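Take a look at the structures listed below.
Look for subunit A in each of the two complexes below; its partner is subunit B in the first and subunit C in the second.
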Partner chain A sequence: MKISCTKEQLNHAVQTVQKALATKTPMPILTGIYLSAFEDKLELQATNYEIGISCIIEATIEEPGTVVISGRYFQELVRKLPGEIIEISSSAEDRTIQITSNQAQFNLLSLPAEEFPVLKKPTSDTVINVKDNILRELIKKTVFACSTDESRPIFTGGLLEINQHEVNMVATNTHRLAIKKDHLGHNTDSIKMIIPAKILNELARIMISDVPMDVTIYCQKNQVSFAFDNIYIISRLIEGQFPDYNKVIPPSFATTITIDTHAFMDAVERVSLLARDGDYNIIKLAFKNDCVIITSNNPDIGKACETVTTTVQGNEVEIAFNAKYVTDILKNISSEQLIFSLNTPLSPASIKPIDDETYNYIITPVRTN
Partner chain B sequence: MSFIHVLDENTANKIAAGEVVERPSSIVKELVENSIDAQSKNIEIEIAEGGIGFIRITDDGIGMSSEDAQLAILRHATSKISAAEDLATITSLGFRGEALPSIAAVSKFSLTTRLHENQSLATYVEVVGGINTDIREAGGSVGTSIVVKDLFFNTPVRKKFLKTPSTESSHIHDILTKIALANPNIAFKLINNNRLVLSTPGNNQLQDTLTNIYGQKIAPDLLPVHYENTIDNIKISGYLSKPTLLKSSRQWQTVIVNARVINSRSIAKALDNAYHSLLPKSGYPLAVLNVSVPTDTIDVNVHPQKSEVKFSDEQKIFRAVYKAVIEVLSAPHAPDQLAATVEFKPNPSSYSHSASNPYTNNDYKKPSYNAVSVPIVSSWQETPLPLNVVRDTLEKEEMMSFDTPAPNVISRIIEDSQFTLYPLGQVDDCFIISKGPDGLYIIDQHAAHERILYDKMSQHTERIPSQQLLVPLFLDFDTTEINIISEYHDTFYKLGFTLELAGPNTMRLSELPSDIPLSETEASIRQILEYIQNMHEPNPQELRHHCLQIASCRAAIKAGETLNMRQMQALIGELCNTHLPYTCPHGRPAMIRFTPKDLYKMFKRT
Partner chain C sequence: MQRWIIHIDMDAFFAAVEQRDNEALRGKPLIVGGIGNRGVVATASYEARRFGVHSAMSMVEARRRCPDGNFVPCDHAKYNRVSVELQRIFSEFSPVVEPLSLDEAFLDVTGMEQLYASPKEIAVCIKERIESELHLTASAGVAPNKFLAKLASEMKKPNGLFVVYPGEEEAMLRDLPITSMWGVGKSMAQILKNLGIYTIGQLAQTNVALLVKHCGQMAYKIHALAHGQDDRPVVADLEPKSIGNELTFPVDIITVSQIETELLALAEKVGWRLRQYDYSGKTITIKVRFASFKTITRSKTLSDYTQFDDVLYNVAMKICHQIPMGEGVRLLGLTVSNLQSGGGQLSLFDQQEDKRAAMYETIDKLRNRFGAGIVTKGRLINGKEPK
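On to the complex of A and B.
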């Protein structure tokens, strides 16, 4: 193989695929980046069997071929190479790869390319097209609510649900649940799948186009592929039945509060400074007389109390929450005001932006003795 | 012709003997208990060949008349009860009237007894293998003397099951130790193969009995127990060892219920739970617990050898023992009370039978086996009380007065302890050397701080919020577990778990403590179940014992940190102030004391 390409494009491709590199694995081949040169194109691939990413860039091909380079070193040296153009060539005899740019020259030992589990270009009967800005919004508004506890794997991913022209994403760690809905603008097949949070985060990181573009979703039995631009990502799905989230959302509320998002968030963050001790990050909210009194009490450190004016409709309520679960959602609400809906001190509450019916967040209170 | 026929009495006795007489030690137990019931003040036990060849029990109790002596060897003949209802209020140790005939059925048995007054001659009864061979008048001292020879001579199968004489004699030693601890008012002597191996003063001082049995060295490590629950009428007294004095088995734990030595799983468990964070993984504290409960709340007639009793409310007993032990261990202490003492012996934990006795080398008047006459009773004398025992007793009494929880007294101790212990310096950036009014103290700074932090942290775990689950967790349990969970629903709720029945063997968990990760939930619930099955309602800190242990260990000052005088003083002050100051949460000692006597000894100045 002998090729040359621009450093900028190569660097971008390496940074895109490197998230799929295996770090701790008994199979050394998975720590490598697979390069394949053909028809004026260079394809880079990395996979750890959980996720696989492929990225294709333009290149001048003098001699086609495939090599696998140690991902860790390739990624760092591409970033640091001095020139604009990078030349890569491999020699079959001594199994080395020569990388040159300006006066710099590296000879890296190659990994056996024939061992690399090459990703297959996704094909599937069920193909759905979603605009990337919609997908990105769905992910960003929900995936933070996923669980990190592997004991119930279905909650370590987000549920992507497409039903005709509706698309929903739901994530929960069983203590709180975030749901975001959107419209596709066209009818498609119905699908339901749980995608690992890690992959969703990666996807949101890579989809950075300024102009909305189509993302093609290929659904297979136990894996899903997202193809857009010159990139495709293949991921395994989390198997299992996601519980019916509609049951979790309380049908009605006794108390509805409208609060200024920023004032509320700042106050909660300030008050929770004292509550942040170990695992119990408890703040108490008392809604009455058109204001909310936020308090925290840590016998080792001290107390905090702050009042924010609101409009309270319905019964007065005093309720306690884990402050992290409150601030998590406040950070994701972009509207100036939000609606906080409650029933009793021991039943789940809802937080949502005032102007967006498609976004909802359910949070369970804590019981303090 | 019928196949079924009534067994003759001799056969029936032999079968009964199988239940009551398991080995020589059970004979000793039965006969000594008879002597105790006969209000004896001195009981002497003499054995040879591990009790298989020869056992003689001699007491100075009330004795029996000639008629009684002949009746006593009959089955179900007893003076202790007259009707089944008496069992409910029984205060004597025996009641079945089975011991003597059972023993006599499987050995060569003879009995010499003389009433206290108005009878000049004693009665001699001889029974061989259950057959009465001789009854006559004979000379003898007041009281009763029983000789059992050639045990199991007529039941060779049984005999085969006996262990070596030395094992059998150690069983006798163990059982007698416990009986002696239960009866500090009686002077016991055990003579094994002409050597005096155990003797107690019989001066009604449990501590003297303890030191006579286990050796003087344990005296400074003993803590007196005094507990009274007037509502349930439960009283507990006795002694516990500090966690620094550990034994390898439960052998050194004696539980006495209404003057009866018993084995009780629940009381042993209560002890374990109370010592909980104070002990290393393996090890048992020494304990003598004298539990007294109303006689109608226990059933003593559940075990052939009466080594177990049944409590009408075992939970109550558990809680009482747990509370009694916790009270003692968490009482405020002066530094000398909580420091471990120095051991000069190479192997301090081996109080072997002979080593424990200071009289081993005394040449004791050898009684001859064949003589039926009693050894001269007048030769029994009280062991003089060693001086340091007296001193320790006085110290103990001084401390006992602190136990009354008057706040001003507690604060006085804290002040005192801060004033009386002067840090002198630090060795190897790990040990604080300090001077007290009564010796030299060495403190492990890490262990001490760890204990202080552990106690502080475990107080905070009282108020743990619980977090609801949006999606409930379904857990499978078996039927017994489901019953326990339903019965102890409130306990679970207080700990932060809300469980509801969701199917025949499934529980729905809808709420859990916020610091327990979902993956640990099931393990935690199972741990609570285990606690409850051991008849103990856990508190939050017990559940988190392990986490707290790690957290306090991480946060504590490490060995290798240099401390200034003020820091050392503060550390010592706080250590004296914690609830359970003896050891670090892993069970290692936090403080060691050298008394001036120890120091003199080390420099060979005594």
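On to the complex of A and C.
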């Protein structure tokens, strides 16, 4: 193989696929990036069997061929190479790969290309197109709510649901649930699948176009592929039945407040400073007639209390939450005001932006005596 | 400002409470503890101590040494009630009270010179209040720090009062054995003895560098203590790290069914205590001591916090099923750690959770009103009541 390409494009491609590199693996080949040169194109691939990413860039091909190169070193050196143009060539005799740019030259040992599990360009009977800005919004507004506890795998992924022209994404760790809905503008097949949170976050990171573009979703039996631009990502799906999330959305509320998002978020963040460290830190909210009083009490450190004025409609109620579950959603609400609705100190509450029925967040309280 | 700490320690607490409430026991050797042959002495009255009976001694040995003594089982509920009264008295003298156990506490009385004639005066008042309201006696130690206050309360037991004034620290400590120091256990004492150090005075005279070589970082602490220096604060509201119970059986238990029953009883007890103190925990540890005294502990960490008996029981069972039970079991223990205050985080999908919480709330209400035995698992009824 002998090729040349721009540093900019190569660096973009390497940064795109590197998230699929295996770090701890008994199979060294999975720590490598696969390079395939053909017809004025250079394709880079990486996979760890959970996620696979391919990115194709333009290149001048003098001699087609394939090589696999250590991902860790290739990634770092490409970023630091001095010139605009990078030349890569391989030598079959001593199994090395030569990388040249301006006066810099590297000779890296290659990994056996024939062992690399090459990703196949996705095909499927069920193909759905979604605009990338919609998909990105769905992911960013929900996936943070996923669980990291691997003992219950279905909660470590986001549920993607497409039904006719509606698209929903739902994520939960069983204590809080985020749901975001959108429209496709056209009718498509129905699908329902749970995609690992890691892969969704990666997808959102890679989709960075300025103008909305189509992402093609290929649904297969136990995997899903997203293709857009010069990239495709293949992911395994999480098997299992996602619980019926509609059941956990309370049909009505006894207390509802409309509150300034920023004022509320700032107050909650301040009071949370004294909440206990670790994965569990409670703040208490007292919904009074004309205000919300936020308090925290850490016996080892001290107490905090802040009042935010607002109008409370319905019953007065006192309730305790995990502070992180509250701040997580507040960061994701972009409207100036939000609606906080509750029933009792022991039943789930809802937080959502004002005048927006497509986004909702359900949060369970913490029991206190 | 000169710090002043008071350490109050009740005299033979369990025994004194029993003697107070039962005239027939007064002035006689009384041993409170596990009555069975495998029991251990919790407290011996001063009359019994003359026969060489002391706490933590096996009951068999106690009976041998004091055959004519009166032997009474522990009534923890009663001691708890007295302890609550005691804490109430303490809290009237200082806002900073650190309870060490049911019958022992540190009070920080620094800066109260305007309110009382002297720190000694405060200790006298506390002792009087305890005597007049609870009809019990206490020993008090008054000193510039915790270490000295605790030693001081031991000096004139029972019904004693001892004050260590600033400047007297080293003189007071000089001839005491090193084992009376905090942080000096069996192994540390042996190391020090090998260095020819037997008394606190000798320890104070020893070069710190030499101590560090033999005892590691602890050396700085014990050397400072030996000079009577201790800056540990009195900490009120100390948070518990774990809540647990263990039980030594009168006869080794053998069958799986017996083990299950005992685990159920432990789970009910620990769950009850968690809810009473309003904590929930994530890590469940099981301790098993076999007939041969071989002791093992195994633990499991859950994904969610719990304070419910049935969750504790199910996890305990899972852990126990993985422990090879080759011989009889002498002791079982169940401890919950990784605690947080408050109940657990509610679940969105587990509808059982709400019902369960309501059920335990009802059970706890019943128990608080009618006593612990009013509602329990059918399996535990054979004359055994959760305490």
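Criterion: the second predicted complex is superposed on the first by the 366 of 369 C-alpha atoms of A that agree within 3 Å, B and C clash if a C-alpha of one lies under 4 Å from a C-alpha of the other, contacts with A are read in each partner's own complex, and residues count from 1 in each chain.
Throughout what follows, a residue touches a chain if its C-beta (ideal position, glycine included) is under 8 Å from a C-beta of that chain, and two chains touch if they have at least 3 such contacts.
Quantities reported herein were computed from a predicted structural model and do not represent experimental measurements.
A.B. asks: Clash or fit: what happens to subunit B and subunit C when subunit A is overlaid?
C.D. replies: Overlaying the two complexes on subunit A (C-alpha atoms) leaves subunit C and subunit B clashing.
A.B. asks: Can A:Lys221 be said to touch subunit B (first), subunit C (second), both, or neither?
C.D. replies: It touches nothing on subunit B or subunit C.
A.B. asks: For A:Val366, select first, second, both or neither according to whether it touches subunit B, subunit C, the two together, or no partner.
C.D. replies: Touch partners of A:Val366: subunit B and subunit C.
A.B. asks: When the two structures are overlaid on chain A, which partner does A:Ile282 contact: first (subunit B), second (subunit C), both, or neither?
C.D. replies: Both partners, subunit B and subunit C.
A.B. asks: Kindly classify A:Ser151 by the partners it touches after superposition: subunit B alone (first), subunit C alone (second), both, or neither?
C.D. replies: In the superposed model, A:Ser151 contacts both subunit B and subunit C.
A.B. asks: Once the shared chain is lined up, is A:Asp300 touching subunit B (first), subunit C (second), both, or neither of them?
C.D. replies: In the superposition, A:Asp300 touches subunit B and subunit C alike.
A.B. asks: Tell me the contact category for A:Thr174 with respect to subunit B and subunit C: first, second, both or neither.
C.D. replies: A:Thr174 contacts both subunit B and subunit C.
A.B. asks: Touching A:His186 in the superposition: subunit B (first), subunit C (second), both, neither?
C.D. replies: After superposition on chain A, A:His186 lies in contact with neither partner.
A.B. asks: Considering only touches as defined above, state whether A:Lys24 meets subunit B (first), subunit C (second), both or neither.
C.D. replies: In the superposition, A:Lys24 touches no partner, neither subunit B nor subunit C.
A.B. asks: After superposing on chain A, which stretch of subunit C overlaps subunit B: 5-13, 77-85 or 365-373?
C.D. replies: After superposing on chain A, the stretch of subunit C hitting subunit B is 5-13.
A.B. asks: Pick out the shared contact residues on subunit A: the ones touching subunit B in one complex and subunit C in the other.
C.D. replies: Common to the two interfaces on subunit A: residues 149, 151-152, 172, 174-177, 243, 248, 280, 282, 299-300, 320, 322, 346, 348, 362, 364-369.
A.B. asks: Could you list, by residue number, the parts of subunit C that touch subunit A in their complex?
C.D. replies: 237, 239, 275, 278, 303, 305, 340-350, 354, 357
A.B. asks: Mind listing the subunit B positions that touch subunit A in their complex?
C.D. replies: Spelled out, the residues of subunit B in touch with subunit A are 460, 462-471, 473, 494, 496, 511, 514-515, 517-519.
A.B. asks: Inside the complex, what are the residues of subunit A that reach subunit C?
C.D. replies: By the definition above, subunit A touches subunit C via 149, 151-152, 172, 174-177, 243, 248, 276, 280, 282, 299-300, 320, 322, 346, 348, 362, 364-369.
A.B. asks: Within their complex, state which residues of subunit A touch subunit B.
C.D. replies: These residues of subunit A touch subunit B: 147, 149-152, 155, 172, 174-177, 243, 248, 278-280, 282, 299-300, 320, 322, 346, 348, 362, 364-369.
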